[in-house]
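Common to both upcoming complexes is chain A, partnered first by chain B, then by chain C.
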Partner chain A sequence: MKCTARCETIKILNLSDEELFELSRKNVLSMSLEEMRVIQNYFKKLKREPTDVEIETIAQTWSEHCKHKTLTGAVEYTEEKDGEKTKRTYNNLLGETIFKASVELDKPWCLSIFKDNAGIIEFDSENGVAFKVETHNHPSALEPYGGSATGVGGVIRDILGVGLGAKPLASTDVFCFGDPDIEISKVPEGVHHPKRIIKGVVSGVRDYGNRIGIPTVNGTVYFDDGYISNPLVYCGTMGIIPKNKIDKKIESGDLVLVVGGKTGRDGIHGATFSSIQLDKESDVSAVQIGNPIIEKKVLDTMIKARDLNLYRAVTDCGAGGLSSAVGELGEKTGAVVYLDKVPLKYNGLCPWEIWISEAQERMVFAVPPRNIEKIIEIFEKENVEAVCIGEFTDDKKLTLMYDNDIVASMDMEFLHNGVPKPIKSAFYKMKEEKVQKPVEMSSFEVSNSLNSLLADLNICSKEWIVRQYDHEVQGQTVIKPLQGNNIEISGPGDAAVIFPYTVVKGTKKGIVLSNGLNPQYGKINPYNMAASAIEESLRNAVAVGADIRRISILDNFCWGNPNHPEILGSLVQAMEACYDISKAFEVPFISGKDSLHNEYSINGKKYSIPSTLLISAMGIIENVENTVTMSLKKDGNKIFVLGITRNELGGSVFSKIRNIEGGIVPGVYHRESKDIMEKIYSAMSENLIEACHDCSEGGIVVAVSEMAFSANKGVKVDIDAIKIYSYLEERCRSGREMTPAEILFSESNGRFIVEVEPDNEEKFKKILDGSIFSEVGYVSDDKEVIFESKKNNVKIRQNSEILLNSWRNTINW
Partner chain B sequence: MKKIRVLILRTAGTNCDYETQSAFELCGAIAERVHINTLIERKDKIFEYDILAFPGGFSYGDDIASGKILANEVKNKLGDEVKKYALSGRPIIGICNGFQVLVKIGLLPDPELFKQISTLSYNDSDKFECRWVYLKTEKKIKNESSCIWTKNLPDIISLPVAHGEGKFIPMNEKFLDNLNKNNQIVFRYSLKDGSEPEYPLAPNGSTEQIAGICNKKGNIFGLMPHPERYVFALQHPAREGFNSKYGWGKVIFQNAVNFVS
Partner chain C sequence: MMFEIEIFTKKGFKNLRGEHILSDICGLSIENITRVEYSPLYVVDGDMSFSETEMIASEVLIDKITESYVIRQCDTECCSRVISESFDVKETDRLNLDFSVIEVWYKKGVTDTVSESVVKAVKDLGLIKEIKVKNGHKYYLYGEILQVTLNNVATRLLANTLIQEYKIH
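Now for the complex of A and B:
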């Protein structure tokens, strides 16, 4: 093979193991020794040294970020419980848990799962909706503004690149940060202060999302000091796509058209760098530079080209840049690309840099030659650059040319399937959970705790963030992130609903987006953390009016270094829970993502994040007019608690602020919970529910308070009327009754607070017949929020305006 | 009956064009989203339309200043046509970024002058904000203003705002006096009872709480809030509206369609 001055040969045929490994490390290839050996052998067979382009292409394609080697790899898992060890081997961790659940559930309304850039479910007879959530953690740690902005831009391109392109309708953003008020001296060297990261990340999402005109309608912000050196930034987008535009196909002879942004040196090694730990030497040039207006222009024009059937396939340039995009599209056919034809931001890029750069806003299309002029005209008419850079062949090879020289020539088969499957070991030791000592508190102390909980970073108002996002652009956000009965006051909604009336004319249907996340539980019990996250996401969706029978979910695993058996062990636990709960609720996973290696190393010390699973839910709502918000509506209406309260304070916000030791992490009791979810939907379909709120962080007392203060109303709740489970129950066995504080602050899953008009009470109770629920109080006109237990002589009385202020003053920068 | 045709002018960064189109369609018009390059190719095409709308968004990323680049492009490449169109009395609306464009072209407040004499600048809060606000139209103005867009509305309505640069500033006192004297200030931010608001219901610090203005003749209307996001009651935070179905924003579009009919 001849090389230009700009392309180098990398001598690997005669390297020793140590030298191979050093080569990987030095060039940020993130490849293991075993992988380097496989490459060495491949080129030994070809009897030549590889070029830098080839080595870089393999590194990108095989990166954890692109190939998900851990999740799809083999795992030797050992579990220890009560001193006994059991073993299990997974050949494909994802395939035997999450993916298996979806295959077994086999829902006919799942149109495309786990194979494209996003999962797609049916919206109506003509359309599907696609949903994807990505992570952009490492870039956001180094350069918060650019990192989060390109995170948004990237996941929007996933939606543009699913099938033949979906039209994005809404975004969701979830962040995990360190404490914004931490002293600077406690922040590890080389790390940005959390407050700087937060402000940068929020601004990045704001500027990208608002400019491109996709409403950011849902999200969560979670604070824990485990995220100081490694913040998490999850960006998700949902879009709508005609059912007949879901399949891609490539034919030999189709042209490779690159559309949108030019290629520059930004985002070199993004895929590989995100597959290793961060340290203070981490290179900011791995972070891309975003431009939302270019992406908006691509969106505007490509939908036009799609509807004229001018191309056969499309995908986005994400991690790995052109290398991944062309590599994926041409996997079955082969492709030749002329790298010197790629439009550049500036001169001076080497061929390998052009090929793997993750410069933003680029899409790659497979266009039949007869359509090429027409499609280029459509793009150029709106000032979008579109350049033909190669073609799909039939030789099943990847061939890269530069100035008439061949700079890479490899078999697609080796590139895509040559990566050796690692076998990793995982270990998990079950921790014993015990009910805490009885939490006895005076009425005064409970009152104080209520205010502290509302002001806690993980419960308090995120209005400062939410209002910076245009969550109403496109005009379709009918259930908004902040909810109230007037425009002056609002409380935290459980989920958002999009009513896509501008796209699907005459429809009554809506799309609900929600999420669930609670890393605190995972510190004690990763299985129940995952189970709770799924349940919470479903609960949130159901609370606004979703039908549990039409919800799909996405998984997003952010974990520490999976080469540590204990860390991988907790991942196995979480994935097993995903299988169990997905099956139990009959809610399929349709797509997912993992970001492992969230670890920061400095001066020999390693900081790993808490194991964090985000579950994002998307559901179809039959009639958007039946949806409800969480704020109380009318004085005199009755308040019901649906579901059972157990003694589950493990990992709760209350335990954290009161330093309570022990406690049981909330479990998921799927039969009870699914039954209630189905009945809520029935009741909402008959308009029997005025307000509904999910009961989660902070427990009943926080949920009820939020419903009251968001409506500027009062409420009276009888604590003794709340259904609690027998203290003899297996998991929560304590041999004693729950105290009022435990009832109020327990974070048991499966519970909703519901407001019902007296006139509808009978009908409502009839629907709920057979489920565990109780009437606990009523809405009052005096703005007093009262919780009383006559049995225990406890009475909490708080003014709802004071509670509102506690809730909204924490983050107000 | 002849169908009313609406031109919704879009360019790179326009992002409220679909909902603006839907709003006009809901009122019985045919609304087309037309890219500025297409219009520049055939400038006369503009006269085939009865109503011209500049929708919201971030035209050209709001680089330099909000709406500035699009305003210059319109003025330089379509200036004669747009001025003629405006003076012909046909309805023109500019919403949010579109309002910024109208002001920076100089179609507002005075298309005959056709010069920028006011601006929309950074919010006092110094950040982009998305929230619902109350808008007040004083009785006197309602009765005396020639604005064709704001008829048949109650004294106080609510609409969402979503902008970072919405603070209206006139060039000097004299222009402000003229706006007042000619009843051109049709919407002011207010409280629910009509009294003077403070932040956040005064979302940007506008001079005299100005949220929307029209020209003297009343055919050209610009406002920062988004009426196209409130055509159904369902879109209101508390689902308020009229005829238990529609949002008050719809009336604004209906007024123009009715006017042309």
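Now for the complex of A and C:
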């Protein structure tokens, strides 16, 4: 193989182990010694040294970001409980937990899971809906605006690149940040202040989403000091795709067409970079800048080309750029690419930089030669650059050319399946959870706590963020993020509903998007954190009208360094919970993503983020007319609490603000809650429910208050009427009754607050027959929110406007 | 020829970005800065005459109701000579006030989508010429401000030094 001056030979054949590892470190390849040895052996067999293009291609393809080596690798797991250790070996952690649950559930309405850029479930007889959620943490830590904007742009391209291309209908975003009020002197050197990160990230999502014309409809923001140096930015997009456009099929001879943005040095080493830890010397070139206008043009034109059947496959250029896109498409066939044909932003790029650049807004198509002129004409008509850069072959090799020289030639088999699977050790020691000491509070103290909870960063209004986003563009958003009587008074919706009537003519069906996340629980019990996140996402979806039998979920794990056995141990716990709860609720995972190595160093000391699992749920509603919002509707209507309240204050917001030690993290009791979820759907289908709200952070008292102040109404709740679990129950055994404060602030899963008209009460109760629920109060016209326990002589009385102000004044920049 | 175009908010209209920056500065507990004004900057480099540059400024870059502009010719490295002022821009207004200026520009090689859009908009105007555009930001900070404070504001709020560079003058 000849090498031009632009392409260097990397001498590795005779390197020692130390030299191999140093080569990986020096060139930001993020490869382990074992991987470097495998590469060395491969090229020894070829009897030649590799080029820099080949080394960079392997590093990108084998990166944690692209290959998910930890999750798909082997794990030797040890669990310690009550001094006894048990062991289990996973050959493929993902395969034996999350993926296994989906395979075993085998839902016929799952059309494409874990094999494409997004998961797809059936919408109706003609169409599927695709959903994908990505993380863009490290780029957002370095350049919050560009990082989050390209996070949105990237996940939209995942939807464009699923099957033969889905039309994006809505986006979601979830962020985890440090305390925005932290003193600047306490922010580590080289790290942006959390407030600057928040403002930058929100602006990036806003500008990209609003300009490309896709509504941002659902999300959440979570605050914890553990995210100060390493914020988390999750971006999701949902789109609709005809069922006959779900399969990609590449044939030898198809041309490789790159469409959209030009290639620059943007994001070089993004894939390998996301697999390493952040420190203040992070790599400049890992930053990407997005351009939504170009992506919008690509979106519009490619859907036209798709409907004319002009191409056989498409994928996006994400992390790893062309290397990843062409490599994946040509895995089974082989491909030859002429790197000098790739349109560049400026001169001076080396072949390897062209190949792995993560310049944004690019898609790669496999086009039969007979269609090439027609498809280029369609793109060029809209000023979208489309250039043929190579073809798919039948030699199962990746061949890269530059100025008539071969600069890379490798077997696809080695590239895609040659990566050695690591065996990692994981350890988890079960922590003992005990019910806290009785929380005895006066009415006055409970009242104050309610205001403090509503003002807490993790409960307070995110209106400042939400209202910057266009959540209405395309005109299909039926259930919106903020709900209430008017613009000036609103409460937090549980989930969003999209009614895709402009794409699917004559349909009545809707698509629900929701999420669940609670890293605080994970600090005590990662299993119950994961279980709670799944249940919360399902509750949120069900609260607006989703059918629990038609909900699918996505996982996004953001964890610390998996090379630490304790951190990997907590990941194993969370993934086991995913398997159990997915099976128990019969809710399949359809896609997911992991971002590991969320670790940063300050003054040489390493810190990990709190283990964070985001669960995003997507469900189908048969009739969007049956959807329900959370704000109270009419004076005199009855208030019900569905589900049972346990003494579960572990990891709760109340425990945090009152410094309560101990407490049980909420568990998931799937039989109870699945039964209630099914019955809520039945009741909503008969229009028996006026308002419904999920009960989570802050407990019943917060959920009821939100329903009241978003309607500018009053409500009276009898605390004694709330169903509580026997104090003799095994997990929450305390040997005592719950106090009123514990009942009000417990964050037990499986609960909903529901408003029902008196005329519908009997029918509603009949549907709920056999489930745990109780009528606890009524809607009043006096704007007074009252919680009373005559048994304990406690009465909390608050004006709903005061509660609203507590809720909305924390983040009001 | 190379020209620098600076956009001003007209008197009587709020300089919203400046106000937001001032609020952020207060949030960082930095004192002595009493007012902030923000001006977008564009450097247009290419075969453009002065009148063509004026057309770009007035037709592409400003909102004619709320904004006006100044064009300076860039003789050497820095832009010096004011060769045009649209009406009611009076740089002399600031002469009697204490103020400092921070300029922020992208580093070389960083994708600048605003500039890309300007190049396209200029073509759409009918000016078919090869031009290069750079987009920057200029902040006027009023008050007696120490150099160390200016550096702090620049690095903490105005410029991300990973992709941008700043000048204080």
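Criterion: the second predicted complex is superposed on the first by the 812 of 813 C-alpha atoms of A that agree within 3 Å, B and C clash if a C-alpha of one lies under 4 Å from a C-alpha of the other, contacts with A are read in each partner's own complex, and residues count from 1 in each chain.
One rule holds in what follows: a residue touches a chain if its C-beta (ideal position, glycine included) is under 8 Å from a C-beta of that chain, and two chains touch if they have at least 3 such contacts.
Quantities reported herein were computed from a predicted structural model and do not represent experimental measurements.
Q: Touching A:Leu142, do we find chain B (first), chain C (second), both, or neither?
A: The second partner, chain C, only.
Q: Using the superposition on chain A described above, determine whether A:Glu472 touches chain B (first), chain C (second), both, or neither.
A: The first partner, chain B, only.
Q: Just chain B (first), just chain C (second), both, or neither: which does A:Ile246 touch?
A: So A:Ile246 meets neither chain B nor chain C here.
Q: Just to be sure I read the superposition right, which of the two partners does A:Asp266 touch: chain B = first, chain C = second, or both, or neither?
A: Touch status of A:Asp266: second partner only.
Q: In the overlay, work out which of chain B or chain C sits against more residues of chain A.
A: When the residues of chain A touched by each partner are counted, B comes out ahead.
Q: Looking at the overlay, what does A:Ile182 touch: chain B (first), chain C (second), both, or neither?
A: neither
Q: In the superposed arrangement, does A:Ile293 touch chain B (first), chain C (second), both or neither?
A: It touches chain B and chain C both.
Q: Intersection of chain A residues contacting chain B with those contacting chain C?
A: Dual-contact residues (chain A): 291, 293.
Q: Which part of chain B faces chain A closely enough to touch in the complex?
A: 10, 12-16, 18-19, 21-22, 35, 37-38, 56-58, 60-62, 127-134, 158, 160, 162, 192, 201, 226, 228-232, 234-235, 237-238
Q: Can you list the chain A residues touching chain C in their complex?
A: Chain A reaches chain C through residues 142-143, 146, 184, 192-193, 195-196, 199, 264-266, 282, 284, 287-291, 293, 345-346, 359-360, 813.
Q: Quick one: in the complex, what on chain C touches chain A?
A: Residues in contact with chain A: 23-24, 27-29, 107, 109-113, 116-117, 156-157, 160, 162-163.
Q: Spell out the part of chain A that touches chain B in their complex, as residue ranges.
A: For chain A paired with chain B, touching residues are 206, 210-213, 291-293, 296-297, 300, 381-383, 466-478, 480, 483-488, 490, 499, 501-503, 624-625, 629.
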